[in-house]
Amino acid sequence: MTDTINAGITHGLYTEGEPIADTKAPAGPIAQMWTTRRFEAALVNPANRRKLDVIIVGTGLAGGSAAATLGEAGYNVKSFCFQDSPRRAHSIAAQGGINAAKNYKEDGDSVYRLFYDTVKGGDYRSRETNVYRLAEVSANIIDQCVAQGVPFARDYGGLLDNRSFGGVQVSRTFYARGQTGQQLLIGAYQALERQVAAGTVTTYTRHEMLEIVVVDGRARGIIVRDLVTGEIETHLADAVVLASGGYGNVFFLSTNAMGSNVTASWRAHRKGAYMANPCFTQIHPTCIPVSGEHQSKLTLMSESLRNDGRIWVPKNREDCDKDPRDIPEEDRDYYLERIYPSYGNLVPRDIASRQAKNVCDEGRGVGPKVGDFRRGVYLDFADAIERLGKAAVSEKYGNLFDMYARITGEDPYTVPMRIYPAVHYVMGGLWVDYDLQSSIPGLFVAGEANYSDHGANRLGASALMQGLADGYFVLPNTIRDYLAKGPFEPLSADHPEVVAARRSVESRTERLLAINGERSVDSFHRELGQVMWEYCGMERSEEGLLKAIDLIRGLREEFWRNVRVLGAGDTLNQSLERAGRVADFLELGELMCIDALHRRESCGSHFRVESQTEDGEALRHDDEYAYVAAWESTGGDGFGELGTPVLHKEDLVYEAIQLKQRSYK
Amino acid sequence: MAVTGLVFVAFVLLHMYGNLKALWGEESFNTYAEHLRTIGEPMLPYRGLLYVTEAVLVLSLVGHVYAAYTLWSRAGNARRTKYEAVKRASRTAWMRWGGTFLLLFLVWHLLQFSIVKFSVNSAKQGPDIQQNPYALLVASFQVPWNTLIYVLAMVALALHLSHGVFSASQTLGLTGTAAAYRRAKLVGHAVAAVVVIGFLLPPLAILFGIIK
Amino acid sequence: MNLTLKIWRQPGPRHRGSMQTYKVTDISEDMSFLEMLDILNEQLNAKGEEPIAFDSDCREGICGSCGLMISGKAHGPERTTTCQLHMRSFTDGEVITIEPWRANAFPVIKDLVVDRSAFDRIIQAGGYISVNTGSAPEANAAPVPKQHAERAFMAAECIGCGACVAACPNASAMLFMGAKVTHLSELPQGQPERDARVVSMVEQHDHEGFGGCTNVGACSQACPKGIPQDVISTLNKDLRTALRR
């Protein structure tokens, strides 16, 4: 195996640096750590808090909740988002639910079980200490949200209801029909607006962060573009929090919102923040299949559908273009139930997705042909409708069925839905320690933007939990310890580092507008997406990844020579916004491929064809890869020059949980 | 707006009830007109209650029109650039232009039957007609164009009321459930239907010579 | 299918705008309305004309970013958001007029993009429950009868898109505001601030320059989430109760 690691290095794709020795988790038993940390974190005198400025980029569940909470505590918070209102952050789109170890169902749930499930679901590539804390604060999230008026589903007795979600055998998911993310985000948004009214938080909407200001090794501010006037503004502070979400849009087609991007994280990465496990990408099994080449995004159908829907494809290829209702029971292959009898349709996402790809690769997919294959499998509610009645099914999933019907023009109550996997979430992100602090002091990272809790695969309903845990409960406690050292030396906008950061943003913008080439921004993005999906998607191989790296480099070179961005810099200019984001995706894509190439094992969402068991399941190599790959950039501020990334390994130590080969059979 | 509107609704219903007396002949109708003036005697002076009612109605009218005017101009300010794609006339248009028409009609109506008491029927003129409410009524509605004005006014009133009654219930917060909401819509239509039919029976009866 | 599009173009907030005519060809029925506009924008870009600015983000009908007046109807002919509207709702050869939301409280920023921050300020005026992080009681301590929970949820579905304002002949935001008031008033947690909330939200609404409600109902018909008009009645009732106290 070692020779192939060297292969990456001999290709000159990366070098290896010092391992990460300390994650700053306090000593002691895992169940005591968070209490210890909160106790040991220094306090800030309430009178001093007004004098401490905190910048928070992002108003999703993580950023919105952090801004509200820090505002309540009395800090002077500036909150940024690129949408026209904080309420529109991408978290709004989450459908299925949020986990919490409340054990209201008395079905054997506990903090420990949630912790265990999350580590196992993540295929043992997450950090125990952080995950335990996540499980520990999960119950508080539900209390907080209910108090804010989040209308979770309730039973007839008026108490909160739960449902089960993929990858676990207890019912611990709280939900608000198919709009859980919306309801949670509105809760956080209202808490945020309350602080705006109280004067502790100032919101900057339609503002995009384009650079981070690092002075004397500390994060001290950001450079943003006012998307309406085009003005480049400098904002300085004592600490900066990035809660800017995930970068799934590097694949062009994903379930993420159109605007989701990596720019904030990538700019920080180029200024010294490590990027961890960037290739860990979750491909969600239940999305509406691609219908044509005009497609701008893919739509998720909540995973909760797998509770009652049964997934199948025809046993025989010849049946693939038949009306599914005419295919008799004995000719159907309920492949998940067949291969994984104990979890059946509820296996974790990575497994459900890969099996769907497998059956389609065998030529047993359904729906229209995309290229040579039909890319779709059935998700059938006929049994559920018979068992529960149409009304009950509609009560549970009505809005999802409506959405499906609207998009496809087919009625899922009578014809089975067609689904196919799509890029959905990234486990990778900026590296953070136990305090959620990145490798740049004073730069904290929360929510999907950090890599912390989900290892190589995230369980359903855990991203919302993590975002809110980070924002409401973790970050406000840990950042306090950092802020207690401040206020830091006042900084003026004329400081050379600040001026340089600002200048680099201006010159990038000018450069993008000046190229005036032949190709649109979207065409580059689409092409990048195809490369990523083909070679760095559900299955990865050394050969494919090397090819992808070549293609991406070529594409990036062409981008900086041949992109066409019309319009001016001093008005709303959506092409310019997109161009900046795609430029960063073109760099990130390469790092993702390098990361995928270097990890010659399969784990969770990361499936290397070279590393599988005899029956095609993912095969981990704990002896070599039980670490977090944290990448350091050496690229400086150049346009499209990446430098040679440096790998820092953080060894994963399992004390509370035993490492096991994952099995859902 | 809602309160003043509902005052009108109450008034209109009473007024209609009175008008219907015409169907029972001259005596019935004139007794009713006289009765209106003597209610409450001797506690109240002659026409006492009527004065009070009129005052309430005038105040309501002023309030109603003022409120309508404010809403109208607020709406104008709230959207200074109009849409290019034209939409068909909305309920707001019925209310506003219909209401304005009703205001003009009201002036005409009061001049005709209350303040000046003139007859538009060239064949029937003179103090006998003017002093006798029933006679004036019959004389007026034998003239087709005058009846037409009333028919149009009543259609406008019906439209106004069918939305107005519902709208007032909304404004007063009486329709906070889906069922109450549907009920209010229904009551609006019912009141409108009753009012047009009720008001138009006597004039049409006169026009077609059923009452002479 | 082939279509003629008449689209509002306005270079900036202080510029004058006008309707421009464009043609698009070979549009597939399965495309969403915004994907059709994406195609037009690619064409414009290729010709060297600046693409048309319009807002969208989730393209799933939940974030509330998108919103266009399509041939005189807010979000177009179906009850859904603009991003979830598909081209199968149109016919070959149709002429489609596309305008931004029109309301003085929603000034145009560019082309089809408007500024809806007035909604945020209405929420700031009281559209929340005051509970600091960490001070919440146990979630199941106060059961909420199912019918209240459901009405609260129904009202909380509002996505803040502004279609109600755009469709209202008075450019009133009562449906948006009624939805928030109803959401919070239906819940036990929302009771302590019930009176103050409605009064200051309504004040802010009027201050922003939205029109007064005359219960026309165009809002509810345009609302992609089907928020019913009865939330306005609930608001009115709360307001009356509050003012009486």
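Think of it as A, B and C in the order they're written, each chain with its own count starting at 1.
By our rule, a contact is a pair of C-beta atoms (placed from the backbone, for glycine too) under 8 Å apart; a residue touches a chain by one contact, two chains touch by 3 or more.
Keep in mind that this is a model prediction, so the values were computed, not measured.
Colleague: Indicate which of the five shapes (line, ring, star, complete, other) describes how the chains touch one another.
Modeller: Graph shape here is a line: each chain touches the next, no loop.
Colleague: Relative to the centroid of every protein C-alpha atom displayed, which chain's own C-alpha centroid is closest?
Modeller: Minimum centroid-to-centroid distance belongs to C.
Colleague: Find the geometric centre of each of chain B and chain C from their Cα atoms only, then give the gap between the two centres in Å, rounded to an integer.
Modeller: 38
Colleague: Counting only Cα atoms for the centres, state how far chain A is from chain B in Å.
Modeller: 65
Colleague: As a quick test, compute the distance in whole Å between the mean CA positions of chain A and chain C.
Modeller: Distance between chain centres, rounded to whole Å: 27 Å.
Colleague: Residues of chain C touching 2+ other chains?
Modeller: none
Colleague: Give every residue of chain A touching chain C within the complex, in rising order.
Modeller: The contact residues of chain A facing chain C are 65, 68-69, 72, 83-88, 90, 92-93, 102, 104, 140, 142-149, 151-160, 176-177, 179, 181-183, 186, 189-191, 193-194, 196-197, 203, 205, 228, 257-259, 291-292, 294-297, 299-300, 403, 406-409, 472-473, 476, 520, 522-523, 564, 566-567, 571-572, 574-575.
Colleague: Sort out for me which residues of chain B touch chain C in the complex.
Modeller: 70-71, 74-75, 77-87, 90-93, 95, 163, 166-167, 169-178, 180-181
Colleague: Could you please specify the touching residues of chain C with respect to chain B in the complex?
Modeller: Those residues of chain C that touch chain B are 6, 8, 19, 69, 71-72, 97, 99, 102-105, 169-172, 209-218, 228-230, 232-240.
Colleague: Which part of chain C faces chain A closely enough to touch in the complex?
Modeller: Going through chain C, the ones touching chain A are 11-13, 28-32, 34-35, 38-39, 42, 45-46, 48-51, 53, 55-65, 78, 80, 84, 86, 88, 109-110, 113, 115-117, 119-120, 123-125, 127-140, 143-146, 149, 152-153, 156-157, 159-160, 183-184, 187, 189-190.
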